[in-house]
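Here chain A shows up in two complexes: once beside chain B, once beside chain C.
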Partner chain A sequence: MSDQAHTRTEHDIAPGDEEQHSVAERVIGYVVGLGLALLLTATSFFIAGTDLVWQPSIPVALIVLAIAQMGVHLVFFLHITTGPDNTNNVLALAFGLMVVFLVVGGTVWIMGHLNANMPPMDQIMKTRM
Partner chain B sequence: MLGKLDWSAIPFDQPIPLIAGAIVLVAILAVLIWVVAKGHLPYLWHEWITSVDHKRIGVMYILLASVMLLRGGSDAIMMRIQQAVAYQSQGFLPPEHYNQIFSAHGTIMIFFVAMPFVIGLMNLIVPLQLGVRDVAFPTLNSVGFWLTATGALLVNLSLVVGEFARTGWLAFPPLSQLSYSPGVGVDYYAWSLQISGVGTLVAGINLVTTVLKLRTKGMNYLRMPMFCWTTLASNLLIVAAFPILTATLAMLLLDRYLGFHFFTNEAGGNVMMFMNLIWAWGHPEVYILVLPAFGIFSEVVSTFSGKPLFGYRSMVLATMAICVISFMVWLHHFFTMGAGPDVNAIFGIASMIIAVPTGVKIYNWLFTMYGGRIRFATPMLWAVGFMVTFIIGGLTGVLVAVPPADFMLHNSMFLVAHFHNVIIGGVLFGAFAGFEYWFPKAFGFRLDERWGKAAFWFTFLGFYVTFLPLYIAGMLGMTRRLQHYDVAAWRPWMFVAAFGVLILSIGVICQIMQIVVSIRNREALRDRTGDPWDGRSLEWATSSPPPVFNFAFYPDVRGEDAYWDMKASAQQQSLEHEPPEYRDIEMPRNSPTGFICAFFATIMGFALIWHIWWMVILGGIGAFATFVVFAWRDHDEYVIPADEVAAIDRVNLEERRGLVSMAGTI
Partner chain C sequence: MAMTATAGRAHADPHHIGVVIEHPGPAPKRTVTAYGFWVFLLSDIVMFSCFFAAYAVLSGQTAGGPKGSEIFEQRNVAIETVCLLLSSFTCGMASIAADVRNRFWFYLGMTVTCVLGLIFLVIEFREFSDLVARGYGPSRSAFLSSFFSLVGCHGLHVSAGILWLLTMMAQVFAKGFRADVLRRMMCFALFWHALDIVWVGVFSVVYLLGSGV
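So, the complex of A and B:
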């Protein structure tokens, strides 16, 4: 009988645990991540205020940049990879995304319907007239 | 200096809370004096309060839940009596007091009875069933428990210092906003839930990690006992859903404290957003409570039928399906709020669909029993009682999932009867089944069967006599939370319900008597083998109560029903071969971190409720300092030498050999 329960977990590491890398490699990873995150942040602020691009595309651009930002954080800071040692992390991420999608999507849908069906009194008056 | 706090906070003019508070205070003082005078304080401090042993923490959770069950139960008795007498009169509870009672009853029963009870059972049993020595984060576990206790303490403090919310158990705005609830009641409610919510989240993270990362050799996911699966599902839901509650209450508190407009009627606030968000937590919460109960029933039904669980894989699938679908049904709590037919129809259908995996489970339990040699011990009685009761509750649930029917029944006594039917029939019966089933494991002696069976029958009967009349009253148009009423047709049903509460109270007394009698006769009821019920999973493979390290060796699991297989093969091969060489075991050291953190959290919560800002800062700094000190600790483990492990384990092996050889002769 094995005396160590966690010896068998070689293909599945806990969130936060990492495989061993040299310090230099890790520092480079964080610096690249920081650079990308700053770049994306700066771009977002720039896009929001500029009139160089077609105005209606700004919200879409911001959403794209936000999602890219999340990706950078996940890869460089939270170390999500597709490797076999990362099943738990990826599953946790998928579950989290699903819940966020259900709750946020559901909320937008529900509240939109409520607003359409139950507008404030002054708006009801307008539609009746 | 003391914010809003002054002598007017003590309700000198209201005899009921004052007397109740005085009695509780005297009782607490008496217990404290007894503990100190008898010299038990060091024992209590070293062995329980600072313990990071998952078994001890589990027991303390259950103790907290039991005490709070008595508090919430007293509220229930008062409400039933009030509605029985308040026909064309004011009854004995003035409206502002009655409103506090039903709010406190709901809050306490969900957050401080059902939650700690199921979390306590999971804490106590899951590491044992997985064949490991502790949970993933032992000290965090203790922090979680003590923060839950802090929440319970604050709620009870509101009885004598200030007031509790008069808003119902979910504190809907605009009623819960400062303009309609200027007192401290809602603040008591919100801050105690914020603090205990942190504790619950911590427990959830801990148990998810435990199930995912700490399993003994050979314990694949598909060999885990059903209770571990439902624990996993339930704690995934805790991790996903409790942040929603925290965020929603935080927004409500910002409205109340700093003049924000999240849920106000004016300045762009949206009251309906509160209902939406609180139920996006509230519905998963229902399954957080009932899934562990399903797991308990799976264990109990399988053990007492002497058969493996029927359809184990379908059960796993059903559990995980419920885990996901429970996030798709929350709108059914507010069908009447005015969303369109599309929205109502989709959520109505989703609510009916979630009944399907639940139905699968019911059939699996029935087929497990079918052809089995069933022993009707007390836990099995609770399980069978659950099946009957829960089906009725489930059927009325599918009924109110139909939006047109819900428009008739929304906020009526029918609804009250429905959710008591599923929460009492599901969660509470499950908690009692688990309590009876695992008590010998926790304390080393069985509970008295006669008193246990009496408790079951009184509770079972009392439940029906109390809540079936409420269904009828609901059909007759009675709405919930009425302090008095003028409709003669409702009154007989209120009398019957009040009589039902009397029967339920006898059940509670039997439950208490059962514990008292069992403690007295503990030598006769002693369980020496560690396997009093002829169990199937690994918690029965160690002694009762288990040693602090649970297992001298990590068990080697070869299939489902791990311990059953071991017993079967042990009968053929016999256990006579020498045990392998014992090794030193490292265990986490006890830590007062949890208790001290909770101490400061209590100060901070109390100060926030009463706007005593210097004290808020003091509590915050204290809690943070505790955390820093713990983070910089040097030693967090101690070693149990191999000799000691061997000595403890040999005693257990001797007893067990006797059991196996006896089983061989039968």
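So, the complex of A and C:
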């Protein structure tokens, strides 16, 4: 069964697909995304190497910039939007993000406390002897 | 209210709530395929998050070996990042060209994407082989194990993406812009953009944050 490549239903569009736009509008979307992503990347590399800003703020700034750039990629390259035709895509993304944050956050949280709650290594070795 | 659901359209209001929803039936194949691939990509990102978690825990465990700040070269990472970012853009151009069935711009966009991806891989391979040659291979410390597995896993994805890219060019060459080929092209574009998202995490967490450790 050959389906039309450009059939759009009223309710859902595929991830990566955009609503009907002209070629020029779509190209402009990618150009804007590229410009924003380059700007955020340049800021990240600048902040990582500079001593102009308060040093303890650098890791937080890098993480915020990274999340912002991922958002730019999602919106301008993958065309995941908040529109009603994108609900399924956004829900899948939200579930994926939840698992990612549970895995990364949970690991860092637990492993960060594990060393503090363990007796020093030499005591463990003594009790085993 | 409920009267609007006439006998002929009773199937459109099965619970007699007075709101007739015209079910459009199954979504078009393009939507279903891309959605399924989107779910795969998210599970792939979940897999990457495990490698990120391992790196975050082990980045300080250098076992007397080199620290991140001693082995990372920011200039190379910046070139790699720009390569991937530009390739994501040209991949987008190629998918627009595929949608409007323009062979010239499709081949041009895919070729540039391929070249940029190869430049990325060459830089990464030279970085890895240089580290191994200096005795800083993945077996040197837990930090290097997690570094090689995270960055190497992303590199393997890029390699697979380039093979897929060449396959797509060959399919368009042999079969033209058929609906099934266009669906595969769409999945490839999603894959390539998702790799760039993962790379944003890699260069921020591994190279830039790791340099400060």
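We adopt the following convention: the second predicted complex is superposed on the first by the 109 of 129 C-alpha atoms of A that agree within 3 Å, B and C clash if a C-alpha of one lies under 4 Å from a C-alpha of the other, contacts with A are read in each partner's own complex, and residues count from 1 in each chain.
Keep in mind that, in the parts below, contacts are C-beta pairs under 8 Å (C-beta built on N, C-alpha and C of every residue); 3 or more make two chains touch, one makes a residue touch a chain.
This structure is a prediction, so every number in the text was calculated from the model and none was measured.
Q: Just checking: does A:90 make contact with chain B only, chain C only, both, or neither of them? Give me first, second, both or neither.
A: After superposing on A, A:90 lies clear of both chain B and chain C.
Q: I'd like to know which partner A:60 touches here: chain B for first, chain C for second, both or neither.
A: Once the two structures are laid over each other on A, A:60 reaches no partner at all.
Q: Considering only touches as defined above, state whether A:109 meets chain B (first), chain C (second), both or neither.
A: A:109: touches chain B, not chain C.
Q: Applying the touch criterion given at the start, work out whether A:41 contacts chain B, chain C, both or neither, answering first, second, both or neither.
A: Touch partner of A:41: chain C, not chain B.
Q: If we overlay the two complexes on their shared chain A, which of chain B and chain C does A:28 touch? Say first, second, both or neither.
A: Neither partner.
Q: In the superposed model, which partner reaches more residues of chain A, chain B or chain C?
A: Looking at chain A, the partner in contact with more of its residues is C.
Q: Would you sort A:73 into first (chain B), second (chain C), both or neither based on which partner it touches?
A: Once the two structures are laid over each other on A, A:73 reaches chain C alone.
Q: Is A:49 contacted by the first partner chain B, the second partner chain C, both or neither?
A: Only chain C is touched by A:49; chain B is not.
Q: Give one of first, second, both or neither to describe whether A:117 is in contact with chain B, with chain C, with both, or with none.
A: First partner only.
Q: Which residues of chain A are in contact with chain B in one complex and with chain C in the other?
A: Touching chain B and chain C on chain A: residues 1-6, 8-9, 12, 14, 88, 95-96, 99, 103, 107, 111.
Q: Which residues, counting only chain A, touch chain C once they are in their complex?
A: Answer in residue numbers: 1-17, 23, 26-27, 30-31, 33-34, 37-38, 41, 44-45, 48-49, 58-59, 62-63, 65-66, 69-70, 73-74, 77-78, 88-89, 92-93, 95-96, 99-100, 103-104, 107-108, 111.
Q: How about chain B: which of its residues touch chain A in the complex?
A: Within the complex, chain B touches chain A at residues 131-133, 209, 212-217, 236, 240-241, 244, 270, 272-273, 276-277, 280, 324, 327-328, 330-331, 337-340, 342-343, 553-556, 580, 583.
Q: How about chain A: which of its residues touch chain B in the complex?
A: Listed in rising order, the residues are 1-6, 8-9, 12, 14, 88, 95-96, 98-99, 102-103, 106-107, 109-111, 113-114, 116-118.
Q: Contact residues on chain C for chain A in the complex?
A: Contacts found on chain C: 24, 27-31, 33-35, 37-39, 42-43, 45-46, 49-50, 52-54, 56-57, 74, 78, 81-82, 85-86, 88-89, 92-93, 95-96, 99-100, 177-179, 182-183, 186, 189-190, 193-194, 196-197, 200-201, 203-205, 208-209, 211-212.
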